[in-house]
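Naming follows writing order (A, B, C and D), and every chain is counted from residue 1.
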Amino acid sequence: MTIARTDLPDLADGLLQAFTDVRSLTERLAGLLSPEDQTAQSMPDASPTKWHRAHTTWFFEEFLLSPTAGYTAYDPTFRYLFNSYYDQVGPRHPRSERGLVTRPGTVEIERYRCHVDTAMADLVRSGGDQREAELVRLGLHHEQQHQELLVMDAKHLLSKHPFGPALVPAPADEPEDATAPAPLGWRGIEGGLVEVGHDAREHGFAYDNESPRHRVWLEPFEVADRPVTNADWRAFIADGGYDRPELWLSDGWATVKQDGWRAPGYWRERDGEWWVFTCSGERPLRAAEPVCHVSFYEADAYARWAGARLPTEAEWEHAAAGLDRLAQAGGTPGRTPTGWTALDPLRMHPELARAGVLGQVWEWTSSAYLPYPGFSPPEGAVGEYNGKFMCDQHVLRGSSCVTPAGHQRLTYRNFFPAGARWAFSGLRLARDAGR
Amino acid sequence: MTIARTDLPDLADGLLQAFTDVRSLTERLAGLLSPEDQTAQSMPDASPTKWHRAHTTWFFEEFLLSPTAGYTAYDPTFRYLFNSYYDQVGPRHPRSERGLVTRPGTVEIERYRCHVDTAMADLVRSGGDQREAELVRLGLHHEQQHQELLVMDAKHLLSKHPFGPALVPAPADEPEDATAPAPLGWRGIEGGLVEVGHDAREHGFAYDNESPRHRVWLEPFEVADRPVTNADWRAFIADGGYDRPELWLSDGWATVKQDGWRAPGYWRERDGEWWVFTCSGERPLRAAEPVCHVSFYEADAYARWAGARLPTEAEWEHAAAGLDRLAQAGGTPGRTPTGWTALDPLRMHPELARAGVLGQVWEWTSSAYLPYPGFSPPEGAVGEYNGKFMCDQHVLRGSSCVTPAGHQRLTYRNFFPAGARWAFSGLRLARDAGR
Amino acid sequence: MTIARTDLPDLADGLLQAFTDVRSLTERLAGLLSPEDQTAQSMPDASPTKWHRAHTTWFFEEFLLSPTAGYTAYDPTFRYLFNSYYDQVGPRHPRSERGLVTRPGTVEIERYRCHVDTAMADLVRSGGDQREAELVRLGLHHEQQHQELLVMDAKHLLSKHPFGPALVPAPADEPEDATAPAPLGWRGIEGGLVEVGHDAREHGFAYDNESPRHRVWLEPFEVADRPVTNADWRAFIADGGYDRPELWLSDGWATVKQDGWRAPGYWRERDGEWWVFTCSGERPLRAAEPVCHVSFYEADAYARWAGARLPTEAEWEHAAAGLDRLAQAGGTPGRTPTGWTALDPLRMHPELARAGVLGQVWEWTSSAYLPYPGFSPPEGAVGEYNGKFMCDQHVLRGSSCVTPAGHQRLTYRNFFPAGARWAFSGLRLARDAGR
Amino acid sequence: MTIARTDLPDLADGLLQAFTDVRSLTERLAGLLSPEDQTAQSMPDASPTKWHRAHTTWFFEEFLLSPTAGYTAYDPTFRYLFNSYYDQVGPRHPRSERGLVTRPGTVEIERYRCHVDTAMADLVRSGGDQREAELVRLGLHHEQQHQELLVMDAKHLLSKHPFGPALVPAPADEPEDATAPAPLGWRGIEGGLVEVGHDAREHGFAYDNESPRHRVWLEPFEVADRPVTNADWRAFIADGGYDRPELWLSDGWATVKQDGWRAPGYWRERDGEWWVFTCSGERPLRAAEPVCHVSFYEADAYARWAGARLPTEAEWEHAAAGLDRLAQAGGTPGRTPTGWTALDPLRMHPELARAGVLGQVWEWTSSAYLPYPGFSPPEGAVGEYNGKFMCDQHVLRGSSCVTPAGHQRLTYRNFFPAGARWAFSGLRLARDAGR
């Protein structure tokens, strides 16, 4: 459970390199998809790939280039087309109709990216002020976030295809599924009056919602030393997990009934065997891998079934911070050992699952996504980034195998609605001490 | 901001009297409504009056009488018809179709209540064990909760009638609206490591969700000395409150647009004047009364507009507890000065609004409705009472002018979804200290 | 297949008697239902009983009394509440919210009926002009139509109750189901240039949509001598009728899939036996009775399966007219032998089913409900009675066991959407001659 | 009002040429659209361009090649993906999700078309039997029908784009809008016992729904000598056409209210001027052009407002047949003077509008789409082509400016639901003689 801080630099030189790296990765990901793939929108919550490519570009144009003297917008209509949810920027195209905006096409969007990248390179090279550098960094973290969304959305789209095509080829060295998961261990944490959240005085980037660092009282608790695995989840199913209302939140049970849930997202049963749809298409489920694509409702029900609970986000962060210190002291690299070559947790090696290293699946916490005490968003449209979503969402911590390197952070607060399953989301159990 | 603890007794004698009192009040409330009124269901969230009458009766039959040797159920079909949401009891009629169950009618339900009341009187008189006494008390608090729902639902139904009929006649001594609301004052609270929640070792009833009492760290804060008033709200409207997305949570703004909100629930504008639909029909809005029938979204937006915020539920309880102690020391009666003769906050005297006494409107907090640390629901179906709703709901504290006397409690946690407006819900501002 | 013309008189004396008779029957039907039953609306297409009672009264008030000097409306709000669909009268309450208008209640509506009946008796006694007498007759036929709707809607409401209560007690002399249906016979009809529709020069009432009488060319055809029976329908089911898309219209097949149709409306299978919900509650299906509560989609699919087709409405009328002449020549009374004591075709004696007499079930035709050549509706709001519904509806001919005596007519055009099943609707087969 | 019979040949040589011509036209049309454009589905009723390309190809593969010994399907999954609605062929992909099938992409579909075209060329050259030749002709007419749908669907998609891109460039010689439409003239038609429908003994292709030729009785009537124009429609709007419920069918009025219709489809008002979205983007409305993109509801309401009515389809065909004979006798070429260079009626020259020539807009009739007397569909899946849609659809006659040359036919029966507006649909008035 170790998260490295591999932050993006803020010096001009380093920043330009970071800019180039992040922007390139988006294009490499998009390159896995045809113009047709990049156009479709598989549900209102998802966006077309080409929209992600344009929207992340628009972010730099809107917040950095447009205020700059002498800059000419690539196309004035893009301000309307590629604004996601910034009300203070102006009107925008309805989210649910992004799949109908077939123009600009992928080639035109490539040109748009080049136009903006050129102007951005000038701006970054010219040094700029501190605020600009911070906005560039925000824009890069924003783009990294969209890289993960891009993969999530593409996987969802491909899963809707009746013949399940692959986003990336399966690796040649696919592991066997012979290994059983490690037995679950518990790690005790003392609690007390602890501090969580991002410390603004510290070096390093964080989103506004991670601040301010503040005090929280924690009673002693224990946290599992590995995430819940597919093998665990099969036991839950076998024990009637999806048939026993007493395990579920009321809204969760209603969703189970309405949507006919019988297993995590992308699981498919055929002739008594479980298969799973991955970014490399369908393959047999592997017992030792962490369970993925479960909703908050399912995570909560599983924890209740297991006689445990989800950790709060403060518990999670406090426990992970301890490990992080240990890891740094011990000289372990502390890097999440996954990269963009592994686009799917279900392609992860079982050894990694056993290692208990974060970075395979996001982990649901029991916390509602709310402002930290003393939170206040930045002035202007950028302030809409996080705060206005602090209602009826649930916090996930850690990172996943499709989170870009450099985007993991101990204080990172990811969030989704309780029924969402298209993120790479799993869970880790916790329980009160002394049970 | 004072809440008395006027609890229901647990001795046999006193309990029987309490039983009779609570059960009678339900019938008196229902007596305001014709058989036709009692049948209709105005939205899926609301229930017909006659359903409330039968369901509260079923609660005693299911949890107390049915396990008793020798008891014969009044009608075995009622177990299906009048179970609200207890999955462990068995299948139940869909909530959204309660308005189609025209049989049993009101007379039959009256007979059902008599049948159960007779058997319950025997059971209570016979002494019973501690667990039974606790279930009776739970049943009575349950019925009190439904008394408030009954009024909320009836008001909603009558509001859907195009000619706005009254539930109760308007009082003869209607106050003038000459008085302006008192200016808003702030009260500073120190914070620190405080305790909140119900202490199980203390005498007195509480729902399971109010336990266990636990420690919370609070930074210093301030709380307003009166709720937000109609006059305040008109200023919010006049300043474009419903037209400025930057004031709103994202989901709240979407709801404003979709449902066309321009004012609180039951407000109606005609010829530039504001009218309000009350339990006595429509009348002009009164400036000094606390605003009522606002959603969490609106309360949150108002607080942002006012440069303040909503209190957390821990802040609210800690602040109110201090006042409670003061009130008790000073010998003030501490009783909420409202009763069932005042069925509508909008009929409250402005003096009361000025007094800052709780009990006029429920007050939204910023807290999501979540389990307290260490919470565990009781075994069996009764355990479904509260815990399974702890998801995407928001806590309100205090009580309203239609909360039955004896149902107020300092640690009481009421909850509704963020968009609900048919409860008698208002708000009180808070802010960080030192601003 | 005989329909008598048992028309309502147009002389003052006889008209008053007819007025009293028709108005009384409505009240006797409503008397089977409690105030609670009369309030509920089980689907947007159905209306509460008490609404039918008020709306039929409003019709007389609006079109006859309100234009009369000196008449005072019983309650001016009723013009809004009880207008069904007459745009030229003014705004009206939304149809789907009729179940929420709990006031006026049943007693108030009884008073309203008395008020209007008294004024109407004066008006009819005073003689009036020809147009008034025609409007009274229209109002009475309108009320008879609503009597059938009242029974349809009440049956539908009771069927939604989980324990299936009865509208009327089952008769003591329930027939056995020993008899098989009569074998199907065919009657040849010559065709040619025939006349159909109501002849305005003839004595007797007809709705505007039955005029003008006009010429139609018919090729020779054959028509079955009895309706399709429950036994026939079971053969259709056994042969995969609901599983074979090739038998169905495209929209019909989509409805079968979406609504999960496996049998006619109100049929219920338990342990391999078919039961049917009737106005006297549930009882075993009887083989020899005409099938009832089938949609146009089902009637059409059945006919295709049987190697036949539905008759056009012109074929139906032309064939029935011939039988009518025969019946009149032979001195048979020609009266439909059903009355209000038999509220359900499923309670009909099998002998009647064998007799091939119309009046048990409405019979779907293959004709879309369109204006006759030269059709023009009357001036004013009364002109909205029929014409504006001539789109995407399908014609049924004959009458049913719940059609009030005196409301049957050879030229009568009933109509419903293709998917409707809550009318007492069956079918009779036809086929081209020479097959 | 003249329709030429420019049929596809049935000899092997000619048939191969026809095959090549029709197949090429589809590709030329699709060539106007990028891969992104070809992927999106703008509403459930519309299909992506690339789906049209694949589905028309599948038709030949399924009905001609697959039954042929030695043929290897290009891709066995295409049988599922590109079946439109043929239940007897097997399961198929849900229509509303065609926009999510991003694979195969446009290049793959081009290869599919080549594969099938090669095999088809062999099959056609080899002579084949009569049934095969008929199926080829059916397939070509099917593809022509989809060519028109392709344009309709593409226009609809582009219209959903907020900046209204063009499918084809506007022509250089755009006409002025100086000319007023010709005054409306009436042509009297005698009626009597007439014959309509396709005569199977005659040379030439027709769909099954155009047969059998049969006798219909028509009373004398008159028909307008030109379609209703934009100028006419503006008078309808100015006279409150969209505000007067008495002009509308009940369902039509409900649609006007629900969808907020104030003008025909693709009309847009800005600063008091009417603009229209065409296949070449937006431009000012032209008074003399026939009104287009009106629904059946609107056509019916307009006719009522004009004191006229729509013709029945028998009247339309009988009237047009007379003109056709005249045209042929007079040596006029009788060809619809529009081709694929004119992709939009709104780009038509006003002279054409004045000439009263069919082929600019489909013309709504008052007839429901029902089987002709004696109609029976072919055996097998091909029998699903037309018959199963004969319910709640309305017949349009003639052809439009985007109907491919060779696809017009006097007896052609086009059909759409009453509320559809994305076809190139207008109207021509009729009235009873002697008015």
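Quick note on the criterion: a residue touches a chain if its C-beta (ideal position, glycine included) is under 8 Å from a C-beta of that chain, and two chains touch if they have at least 3 such contacts.
Keep in mind it's a predicted model, so treat the numbers as computed, not measured.
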Worksheet entry | Centroid-based (C-alpha) most distant chain relative to chain A | C
Fill in: Whole-Å gap separating chain C and chain D, where each centre is the average of the chain's CA atoms
38
Worksheet entry | Centre distance in Å when chain B and chain D are each reduced to the mean of their C-alpha atoms | 60
Worksheet item: Could you state the distance in Å from the CA-based centre of chain A to that of chain D?
Response: 48
Worksheet item: Which residues belonging to chain B are in contact with no fewer than two other chains?
Response: none
Worksheet item: So how do the chains connect up here, line, ring, star, complete, or something else (other)?
Response: ring
Response to the item:
Each pair of chains that touches is included here, namely A-B, A-D, B-C, C-D
Worksheet entry | chain B contact footprint on chain C (complex, rising order) | 34-40, 42, 50, 77, 80-81, 93, 97, 99-103, 105-106, 157, 160-163, 165
Discussion item. Using the touch definition from the top, list the residues of chain B that touch chain A in their complex.
Written reply: 85, 87-88, 193, 214-217, 219, 245-246, 248-253, 296-297, 300, 366-368, 370-371, 373-374, 383-384, 388-392, 418, 432
